[in-house]
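Below: one structure, written as structure tokens.
As written, the chains take the letters A, B and C, and residue 1 is the first residue of each chain.
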Amino acid sequence: MTPERLLFVVDLAGTLFFGLEGALAAIAGRLDVFGVMVLAFATALGGGLVRDVLIGAIPPAAIRDPRYAIAGFVGGGVAIALRRVVARMPVAVSTGLDAAGLALFAVSGAVKAHDVGIAPLMAVLMGTITGVGGGTIRDLFLARVPAVLRVDVYAVAALAGATVTILGLGGDRPRAVSMAAGAAACFLLRVVSARQGWNLPRIGRP
Amino acid sequence: MTPERLLFVVDLAGTLFFGLEGALAAIAGRLDVFGVMVLAFATALGGGLVRDVLIGAIPPAAIRDPRYAIAGFVGGGVAIALRRVVARMPVAVSTGLDAAGLALFAVSGAVKAHDVGIAPLMAVLMGTITGVGGGTIRDLFLARVPAVLRVDVYAVAALAGATVTILGLGGDRPRAVSMAAGAAACFLLRVVSARQGWNLPRIGRP
Amino acid sequence: MTPERLLFVVDLAGTLFFGLEGALAAIAGRLDVFGVMVLAFATALGGGLVRDVLIGAIPPAAIRDPRYAIAGFVGGGVAIALRRVVARMPVAVSTGLDAAGLALFAVSGAVKAHDVGIAPLMAVLMGTITGVGGGTIRDLFLARVPAVLRVDVYAVAALAGATVTILGLGGDRPRAVSMAAGAAACFLLRVVSARQGWNLPRIGRP
């Protein structure tokens, strides 16, 4: 698989997961069928759109290539079709789906920024924004404080995955290895911290 | 009238209507005179700005050409000047203004995306985003769930108008015909569904 | 100091002030340490990012040059380190910091738009958006109506500063003079109006 192909597959899988996850949030919020699809689309494509605009890759990949929108809508459709099955599944499944989307996007976002010559620190931040952007737009639409601010170790996990990926790209090893290591770091950190209830320290008032 | 001119007039008329409509929402929310103008500006220009950034037409038309901002502010000024008249008008008028802005933007947005080579599916979505974008930004500013998610058959109407327009552009007929058909489809669908109280099916919980 | 250097220093100082101010808002909102840094980053860089995208200067300066992000994070770090000191300071200090950031950004934003050939009216609006953009994103993240709509004479001060700057650029005088005059106009108007409780007229309902 060529590097471009690998990146595309990772990106598309993240889009599908986030479309599914955004639609489930919309269904839980009792939106109509169109609102569910709007939220699936915004959650799935939002992070990548913001990233591409910020790194100057416009029109963004998700606008140039209709397969991204289709992946987001397929995720939304699957959520609608399987909502009865999903409701009986443990909460770990939706956390896992979300963590998978987060990991795939953090990695693909960091690599894309790196590939157009963005400095390492900013490439890491672009990966983080790609990961948390879609969910942030979803939460803004639902008029609630974004998960990135509410949930402990969410953006931190995306940051960790993007950092591992960018550090790994520096050496001689295949790109797929760095991406897999970054995705694993993000996914594990997110899932374990959700399970263990790990919290970051609050800033105490004086 | 040249195609460029037609598109400009349609776009500017939509900007005026949405500026008027955004200002009325701000007046209803008891904002000060400057807040009313900010909301008129954001509602009028928001959708087109997002669309132009996403299709790579930057700086966006509404930044390059001051007449867009002026149209938005004129809409806001008219709303302030005529607020007494407006308050005595039936609710159908504000629905009609909003539907007119939605229809003009859905059509002009789809055509602009199509003209820079965006694929049909994405051009339809860009038209929809142009139509609903300004109102969505207005609602985010007012800290409420966007109309696009709350109101039945709102984004659907924009989607229908953009679809009719893009399908029509494929043939030999004049561009104005496709645009008029698309705008009529969006406007009628929105106005009739608002009047009839049409709803999309909610996704039932299991 | 070259004009480019002057603009960079002004921009970076605004970034530091807004990072500090965004972090203080996050600390007051009881966010965790990462949430404080996210809000410092968004408040500090948001306005400039939106401006650069809208004037077509992409990738934005704050993505190309990591020193902007570092300035925002330093502002956030200072806020965390000095939170006990800050809490004992009068409210005038946080108003002053915010007004300083607003003034620096309104001026640098207007000049940057002017330098890439944006028309005067739109350059003034771009300066205003640069000034109020970061705080608006901060408020959207905290799920509250943006200060730009709530606080009297906030966006008006940014507008005044940008207008003075753009009018001043037309003549023969050194650029630094116009920028200093614009920043002073914005800062003074904001601080004095906050102290005096000046209000803009509300639009009365009929």
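Structure notes:
Definition applied: contacts are C-beta pairs under 8 Å (C-beta built on N, C-alpha and C of every residue); 3 or more make two chains touch, one makes a residue touch a chain.
Here the structure is a predicted model, which means the values were calculated and not measured.
Interface of chain A with chain C: the two copies contact each other largely through different residue positions, with under half of all numbers used appearing on both sides.
Chains compared, chain B against chain C: the Cα-based superposition rotates one onto the other by 120 degrees, nearest 5. Chain A and chain C, compared by their mean Cα positions, are separated by 30 Å. In chain A, the positions touching at least two other chains are 53, 58, 140, 143. Partner chain C is touched in their complex by these residues of chain A: 53-56, 58, 116, 118-119, 121-122, 125-126, 136, 140, 143-146, 148-150, 152, 155-156, 199-203, 205-206. The residues of chain B lying in touch with chain C in their complex are 26-27, 30-36, 38-39, 41, 49, 53, 58-60, 63-64, 66, 69-70, 80, 83-84, 87-88, 140-143.
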